[in-house]
Each structure stands twice: as C-alpha cells, then as structure tokens.
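For reference, the structures are reproduced in the following blocks.
Shared chain: chain A. Partners: chain B in the first complex, chain C in the second.
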Partner chain A sequence: MAEPLLEVRNLIRTYGGNRSLLGGARPVLHAVNDISFHVAAGETLGLVGESGSGKSTAGRVTLQLEPADGGSVRFAGQEITGLSPRQLKPVRRQMQMIFQDPYAALNPRMRVGSFVAEPLVVHGEDAHKDRIADLFRIVGLDPAFMTRYPHEFSGGQRQRICIARAIALKPSFIVADEPITALDVSIQAQIVNLFQDLQDQLGLAYLFIAHDLSMVRYLCQRVAVMLRGRIVETASVEQIFSNPQHPYTRSLLDAIPVPDPDRPRRKRLAFDVASNIPPREAVMAEIAPGHFVLQP
Partner chain B sequence: MAPPLLEIRNLTVAFDTPAGRVHAVNDLSYTLNEGETLGVVGESGSGKSVHVLAMLGLLPSPPAKILSGEVLFQGRDLLKLPEAQLRELRGGQIGMVFQDPMSSLNPVLTVGRQLREVIERHSDLRGAKAEARATELLDLVGIPNPGARLKQYPHEFSGGMRQRVMIAIGLSCNPKLLIADEATTALDVTVQAQILDLVRDLKDRLGTTVIWITHDMGVVAELADTIQVMYGGRIMERGPVRAVFRQPHSAYTWGLLRSLPDEGARAQRRLYQIPGAPPDMANPPAGDPFAPRNPYATDRCRTEVPPLRPASPVPGHMVAAWYDLPARLAAEAAHG
Partner chain C sequence: MRQFFSELSRSKAGLAGFILLVLFVALAVLAPWLGLEDPTRGSLRARMTAPTWDGFWPGAHPLGTDEVGRDILSRIVHGSRTTLAVAGAAVVAGGIVGTFLGILAGYAGGLTDRILMRLVDIQLAIPLMMLALLVVAALGPSIQNVIMVLALTSWIRYARIIRGQVLSLREREFVQSARAIGASGWRIMLRHILPNVMTPALVVATLELARIIVMDAALSFLGLGVQPPNPSWGRMLADGRVYISTAWWSVTFPGLAIMLTVLGVNLFGDWLRDYFDPKTRSAR
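== the complex of A and B ==
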C-alpha cells in the first residue's frame, strides 16, 4: 500500500510541567497523549471529541503550529516534526488551517482581497488581481468584493474568505477546526457543500474536527474519536455508526438529537468522562479491518 | 378551557442605532398554554432571543424600544409591571437560562452563595433549609458531590457543569415558566443529551411550561410539543411538532429540514442549501422577509407581508406565506 498523505504516529503534546517562572512544579497535562492516525490523499477524516479532548491541539500539532513533545508526523513522505521554520516553509504551502470563528480569523483593517493574497505574497508567488479574483469565484464570492473590509461581510461570507485564503497556495491537506459551528444554520449547508466541491475539484484531503457526529457522518469517510487526549476508536463512518465499540463512541452516537418527532424517546445512559479516563497502558486493537478500538 | 399561561399580543421591538431604527421583532403574537413546551427556532436577526429579553424587561433602553404590544403572564401585562415586581417574577415564577454560563455567574461568589441568594429571594427557605434546597438542585441537574461543589467558585466548574448550575438556578424556585435561550448550544453533545433528559423529566414531574430557543431542529424534535419558526422578527410557521416536521408549509422551515445531513444526502454527496444569507435587519426586505431566499416566492411575497393563517387541518398549525408550498412541491414532483 502506498504511504498515506499524512501519517501521525504516537503524537504527544503536553502543557504545564516544571516550567513555571518561579520554579514551582505544575502538573503535566497530556493534551494529546500518544495518538496515531492517517489521512489519505483526497480523503476526509473526522476527528471527534468533547471540549478538552485534545482534538484541536491534535490539529495544530499536526500542522506544526505547535511543536510535538513526542511522536512523528510524516507528510508526503517527509518527517516534519523538528524542522526549522525555514525547512517548514515549503511544507506549509501544502497544509492549511480553517478555524471555527471567521470573525476572529480576519484582520479587520485589511481589505479582504489582500487577506486572501497574503499567503501568495509570503511565498513569493504571483498575487495578481486576476488570480485573487479566481479564488473569490471558486469559493462563491463576487470578485468585486475584494476591496472591501471584513465588517461588510456576513459570517458565511467571512468563512468563504478564509477558505479562499487557505486554498490560495493549492494545498493538498486542510485542517478544518469546527468550521461551521459558529455559522447560522441556513449557512452551514452552503459551507459544507463548498468543502465537498473543493475536494472534488482540487483533490484536497481534510482533517475535519467536530464535536458532534451528524455532520461527520455526512462529510467524512473515516472517523477518529478522541477522549481525554487519546483516540479511543477509529473506523470507517459505516463501521462507527453500525458497530460502535467503545462506550464513549456509543454515548456520542446516542447523544445526537434526531430531527424526527416520531422516534420514541428514551432516557440515555450517562457516560461519566471523569471515571472513564483511558488508562495509560491501554492499547489499540484492530477488531475488524480498519476498525481500531482502545482496549483497557 | 383554562386561560393561557402566556399571551403575547402584537409585540414590536426596535433598536435605535447610528444607522437608523432597526425592527428586531415585528408585530409578534402567540399564546403558550400551561404545561406546553414551545421550541423556538431561528437564526441571526430572527427575533427569537430579543422577544424573550423584551418581555422579561431585560433589554437596555436605549437603544431598545418596545414600540407596541402586551405580554400577559397569568393575566398580568409584564410590559406594564414595575421593575420591582418584574424582578420578583424573574428567577421566581419565570426561570431563565441563557447561553453563556461564564458571564452569567459572579466569579467572586461561590456557586452555593449564588444559588442560595436566588432561593432566599424567591421563597421562604432560609439558612440550612436554603442550603439543603441548593444541594438538592445541584443533585437534580446531575452534578456529582453537590455538597462539596456548593463551596466552590464558578472557575472550578467546567463549561458543562457551569451550564448545569445555571439550569439549577433557573429551576430553583419551581418556575411555572422556564425560558432557555440556546442553553445547551455551547455544551458537549453528551451533556446536552443529559440536560434534555432532565428538562423532559421536570416537565413530567412538575408540569413546567417551557420556551426552548434553539437553532437545532433535532433538539426541537426531542423536546417540544409546539415548534415556532422565526425569521426576520416574525413567525414564519408554528404548530404541533409532528405536523410541522411531516409537512412544513413555510419554505424556510422546509429548507431548514431539508438541509439536515441525512442518509439520502450522504448518498448524493450534496446537502440541500438555502441560498443567500439572513437579512440585514437594518435594511430588511419588503414583504415576506424570507422572499429573497425563497425559490417559491411570488410577486406578492416581495411586496406584502403575509399574515399568519391556518396552514393545514391540524389545529394550531399556522404559516405566514402567500404561496402554497405543498402544492408547489407536488407540482414539481409531478414534473420530475
């Protein structure tokens, strides 16, 4: 089998520890604790978990926006942990990030055309107006908007602007961290469809970070479920939905509010995260081809 | 028949902004019966949050202005009530839970102190009895070890636990009416599920009347008896949840339900998308506010605001639309 586009092995990211300015010991938090996953070219992997599960940190470390404290990240056959900023620069062209809050991601004092062109300028590429206009068209925005400022746009339009910037350098991989959570419901489908169109046109691979499974089921081919810094289950969407193994995966599935008033209501079993922190010695076992579950 | 618990008549709320007067709620009228759970669905500018803040006297004026209307709660007009009496009602007969639990709790007071304050203000319980009630409430909303948790400060609680505290405060005086505005939106889905279970449980046991404001059709389907879909400061459709979900008569309701990611969408690799963006309420469209985004809009929709009219034989199923959506959809289906 060919090597996947992205291969993350035993990734660790810790915060705190004995680094306090006054020399006091601070507890070490393993935000990302020995996780492994891969993303094939053109594929979408959903990374799902509750707030504090480490899913966003995992996304940032994968892109080397934060350093790893252990493990490896191979991208297009190259190990990228430990690279210097200069060595990382050509890799960064290939990997981009889209954030949850398109209001915070934009620079309020920069015209949106310049914002989209910025990565091209930084990488010494042609940032001619025509090329920016093309990017605007690809994400469904009128190129005439280029000279405007962020406050003139709605949330959905702002997210389109962020997406235009992210695809400017023709990346092969994008980490999208809850990219529709902050948008109005009537806008979410527009942005999800745009993600799929871009994948079809540009062959993009996505790491789609989400806190609920309903959109993941629709958008992703495979899913990894995170709990307290660990991946507890990873499988195809079909496997996760038809045969969930880990109790936390089951509780996530059970928690999706179903928009069908005819479905009988039943009380759900509470899953207490605090008493179900995966033990350190737990290892993943493959219970079916491509279906891995953390074993206690 | 018993009189409704809440009756809103012709409520119109505007904000005076540098760009001019913005109408956030336009001539809104509805009634809510005792024991009923109303799910209010809407997005930016729908008026779903503003109308409850207005009726509770929680909108700062200026810039907000209630231009007209009555809000009758158990027969009393809340809009004419002196602030002192309104304050008695809020947190007493009317419990409230808002989206952001961090900014709703006082960071320098223990959670127990804040709960006790509400209990002592609105009931006869004092001292150890108020403390016992506070413990009972935390236990009720599923916070483990409630006795010890009462002595802690808000920052010692996770987001989900803080929101449970807010719900405990909202429920502390066995309100007749519980109003929750996106109360579970910021929570993890597993915590949201537990809170929905809890609210269902309270309805069954105490007969609490609920207004649950959300953008999530799934939450409405799980919790509500009646759904009210709002857009541009108006009700677009309202009715029993089953009737509205089964056959929506507003193109907006229909679009919201169709854009949900279901199995069919996965097979087609395409979600139905409502075109356009929510209206700029400083420059609202003339006529039906949803008309610019509605593929079934008629000329009349673009000029004249449609009144709420009976939508189907189902009692209480109302729609504000000049077009006949089921007929249009049937015609489309017949033409392939």
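== the complex of A and C ==
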C-alpha cells in the first residue's frame, strides 16, 4: 500500500510540568498521549471524543500550530515535526485548518475579501479580485460581500468565509475542528454538504473533529475515538456503527438521538469516564481488518 | 461617524470635553489670523495693565499684560500652539513606541516579554518628573528634547495595556488561522493584532495627552521647557507668580488655560473609554 497522505505516529503533547518559576513542578497533563492515525488522500477521518479528550490538541499538533512533545507527523512523505517556520511554510500550503467558532475565527477589523485573499498574498500568489470572487462562489457566497466586515455576517456565512480562506491555496488536507458545532441545526447540514462537495471537487482529505457521532456517519469513511488523550478505537464507519467494541464508543453511539418515535430508546450505558481512564500499558489490538481497539 | 456624534451628544461631560478640546485646537491653529498682538513684543508703557473691558466689549488687553507689557491673551493663544504641538508629538511618539513594544512583548512572549516588562517596572519605580529633569538637564532644553522626554515617560502606559490585550488576542482563532496559512510573525502583528489594539491605544492616548500637557507646563515652569521669548503656559505661570499679589491676571489666565485644556481632554477621554467599551455600551 502506498504511503498515506498523513501519518501520525505515537504523538505526544503535554502541558504543565516543570515550568513555573517559584514552587515545585506543576503536574504534567498528557493532552495527547501516544496516539497514531493516518489519513489517505481524499479520505475523511473522524476524530471523536468528549470535551477535554485531546482531539482539538491532536488537530493543532498535527498542523504544527503547537509543537509535539514526542512522536512523528509525516505529511506527503515528509517529516514535519521540528521544522522551522521557514521550512514549514511550503508545507502549510498543503494543509489548512477550519475552526469551531466562526465568530472568533474572523479578524473583526479586516474586510472578508482581504481575509480570504490573505493566504494567496502570504504565499506570493496572484490575489486578484476575480480569483477571490471565484472562491466566494465556490463556497456559495455572493462575491459582492467581499468589501464587508465580519460582523455583518451570520454564523453559517462566516463559516463559509473561513472555508473559502482554507481552500484558497488548493490544499490537499484540512483539519476541521468541530466546524459545525457552533451553528444552527438547519445550517449544519448545508455546511456538511459543502464539505462533501469540496471533497469531490478538490480531492481534499479531512481530519474531521467532532464530539458526537451523528454527523460523522455522513461525512467520514473511518473514525477514531479519543478518550483522555488516547485513541481507544479506530475503525471504518460501518464497523463502528455495527460492531462497536470499546464501552466508550458504545456510550457515544447511544447518545445519538433516534429519529423514530416508535422505536424504543436504547438503554443508556452509564459510562463513567473518571473510572475508565485508559491504563498506561494498554495497547491497540486489531480485532478485524482495519478495526483496532485499545485493550484494557 | 454619525453614530459617534449622536452618542457624544447624549453625554454632557463628553460633549463639554470635546467642545473645549476643539476650541483650543482651533485657537492654536488659527492664532496668526486672529488679529492678536505680537506675543513676544512688549511695551514698557503698558506693563502690568489690568484686563481692559469696556462694558461687555474687550478693550486693547482683554486679559491684561505681563511685567514687560506683552498681551496675555495673545501669549496664551500662541502658547497653546507650542503646548499642543509638543504634547501632540509626545503622545504620538510615545504611543507608537509603546504600542509597538506592547505588541512585541505580548506576541513574542518568553525572554523578550520578560525583558520589556522588567524595563517597564524599573521605569515605574523612578519618579517621572525626576527622570524628565535629569534628561532635559543633561541634553539641554529644546523642543525636540522636551518631546523626547515626555514620550519617554509615556510609552510604558501603552506597552502595559497593549500587552495585556495582545495576550488574549494571540489565542483567538483568527490569529491561529493566520499561523496556519504560514503568515510571518510580523504580518500577524501588523495585520491581525495591531488593528485590534488601536481602540485601547487611542483611549490611552487621550488620557496621556492630559497628563503630558500638565507635565509640559511643569517643565516650562521649572525653566526646562520652551525657551523665552516664545510663549508657553508653564513659563507664564513661573514669570507671573512673583507679581501674584499685585497683578492677579498674570497667573490666573495661563493657569485657567491649562486647567480647561486638561479638563476637556480628560472629560473627552473618559467618555471615549466608555464609548469603546462594549460592556458599558450595551448598558446604554
């Protein structure tokens, strides 16, 4: 098998530790603790977990927005951990990020046209108005909006602006950090469809970070479930939904609302995270082709 | 702009401050065309003339003359030119340096931040007036030196406030997003952070303007500001205080000019701070 577009191995990111000037060492928090995953070109991997499970950190470290404290990130065959900002710049053309809160993700003092054009300017490309107008059309916005400021837009429109900026350089990989969580339910579906259209048109690969599994089912081919900084289960979407192995995965599945009122509700599995912190020595085992589960 | 004035007209204090400020700036700008006497030429025959008023009409010296017979009104109006020019230049110079260093400290963090902030702490521990006296005494009193020394006492206030703003801004997602597209640190500081700290910088600037006008007057009073015969408010106070018991007008009117300008700037600055603060804004 050819090397995947993105290969993350044994990634570690810790916070705290011996950095305080006075007093002793602060406790070390392993936000991302020895996780491995890969994303093939044109594929979508869902990264799912509750708040604080380390999924957003994993996304940021993957893009080298934060340094890794251990492990490796290979992108298109190149090791990108430990690169200088100058060495990273050509890599950044290829990988982009979309954020959760579209209200905080736009510079309030910058016209949205300039904001979308910025990646082109930074990488010395032609940022002509026509090209920006095309980007606006691709994400379903009127190019006449270019000269406006962010506060004039709704949440869904803002997220479209962020997406236009992210695809301006025609990247091959995008980390989408809960891009629909902050949006109205009616808008969520539109944005998910936009993600899918862009994937078909541009051959994008996504790392789609989410805290529940409902949208992941429509958007992703494979899913990785995170718990307390560890990946506890990785499998294809079909395997996760038909044969969930880890108790935490099952509790996430049970949390999805069932749209059929006649169907009896599944009993909620009471899953207590605090008493189910994955033990340090736990390892992943392949229980079916492509289906890995963390063994207790 | 229209919203600015409609908000301003709702605050009596803010409006009063704004009008005072506009009045003094207009006087300073229009001074040569107001038909006033030469502020540097006196007439010994007319020395120590009390304010001359003919009923409600001002006479030859509506605010009187000083000990060498120079017209006080003319000296106040012309003095406002130097005062406002010196204070304005010092505010701009201090604001640019302070804002830049505040952004640098906040965004770069680490050693840069610690060095800059310790510098601020050290300077705060030295009485500002003493520092100003020291520098002017060492370099000699000239307009450039006065501007420089006033800016030197001013940059720390910008640096501290701007740094705090930057600390929260740099974690915002649009800054992260700029890093994700590979923008350089300079680009992020200039294009993403600077426009978002302009508002607090502007508020600090108005409050600093008031402080600097007083400090400029104090330096002139001590003889370290603008040199005679050019008029300056602080100098007029210093020269007139000898005659305070016989010619009350020689100190009263320059003192009033200082007070009204500073009051105007302070009132307007306070209102401006409230105007830009989203919390007090929504309460209105």
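Going forward, the second predicted complex is superposed on the first by the 293 of 296 C-alpha atoms of A that agree within 3 Å, B and C clash if a C-alpha of one lies under 4 Å from a C-alpha of the other, contacts with A are read in each partner's own complex, and residues count from 1 in each chain.
As a working rule, contacts are C-beta pairs under 8 Å (C-beta built on N, C-alpha and C of every residue); 3 or more make two chains touch, one makes a residue touch a chain.
The structure displayed is predicted, hence computed values, not measured ones.
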Field: Room on chain A for both chain B and chain C (clash or fit)
entry: fit
Message: After the superposition on A, what does A:R92 contact: first (chain B), second (chain C), both or neither?
response: second
Message: One more residue to check, A:P108. First (chain B), second (chain C), both or neither?
response: second
- prompt: Hey, in the superposed model, what angle do you get at chain A between chain B and chain C, Cα centres, nearest 10 degrees?
  reply: 80
Query: Touch check for A:D212: first (chain B), second (chain C), both, or neither?
result: first
Field: Contacts of A:V192 with chain B and chain C, given as first, second, both or neither
entry: first
Query: If you stack the two complexes on chain A, which partner ends up touching A:S51: first (chain B), second (chain C), both, or neither?
result: first
Query: After lining up the shared chain so the two structures overlap, which partner does A:R165 touch, if you call chain B first and chain C second: first, second, both or neither?
result: second
- request: Give the label of whichever partner, chain B or chain C, reaches more residues of chain A.
  value: B
Query: Now for A:I256: first (chain B), second (chain C), both, or neither, which partner does it touch?
result: first
Shortest CA-CA distance between chain B and chain C [superposed frame, angstrom]: 9
Field: Residues on chain A lying within both footprints (that of chain B and that of chain C)
entry: none
Field: chain A contact footprint on chain B (complex, rising order)
entry: 43-44, 142, 144, 158-159, 188-194, 196-197, 200, 215-222, 241-242, 245, 252, 255-257, 259-261, 265-266, 269-275, 277-278, 293
- prompt: Where on chain A does chain C make contact in their complex?
  reply: 60, 63, 65, 85, 88-89, 92-93, 95-97, 99-101, 104-110, 115, 118-119, 122-123, 162, 165, 169
- prompt: Where on chain A is chain B touching in the complex?
  reply: 50-52, 154-157, 184-190, 192-193, 196, 211-215, 217-219, 251-252, 254-263, 265, 267-268, 270-274
- request: State the interface residues of chain C toward chain A in the complex, per the touch definition above.
  value: 172-174, 176-184, 187, 191-192, 195-196, 198
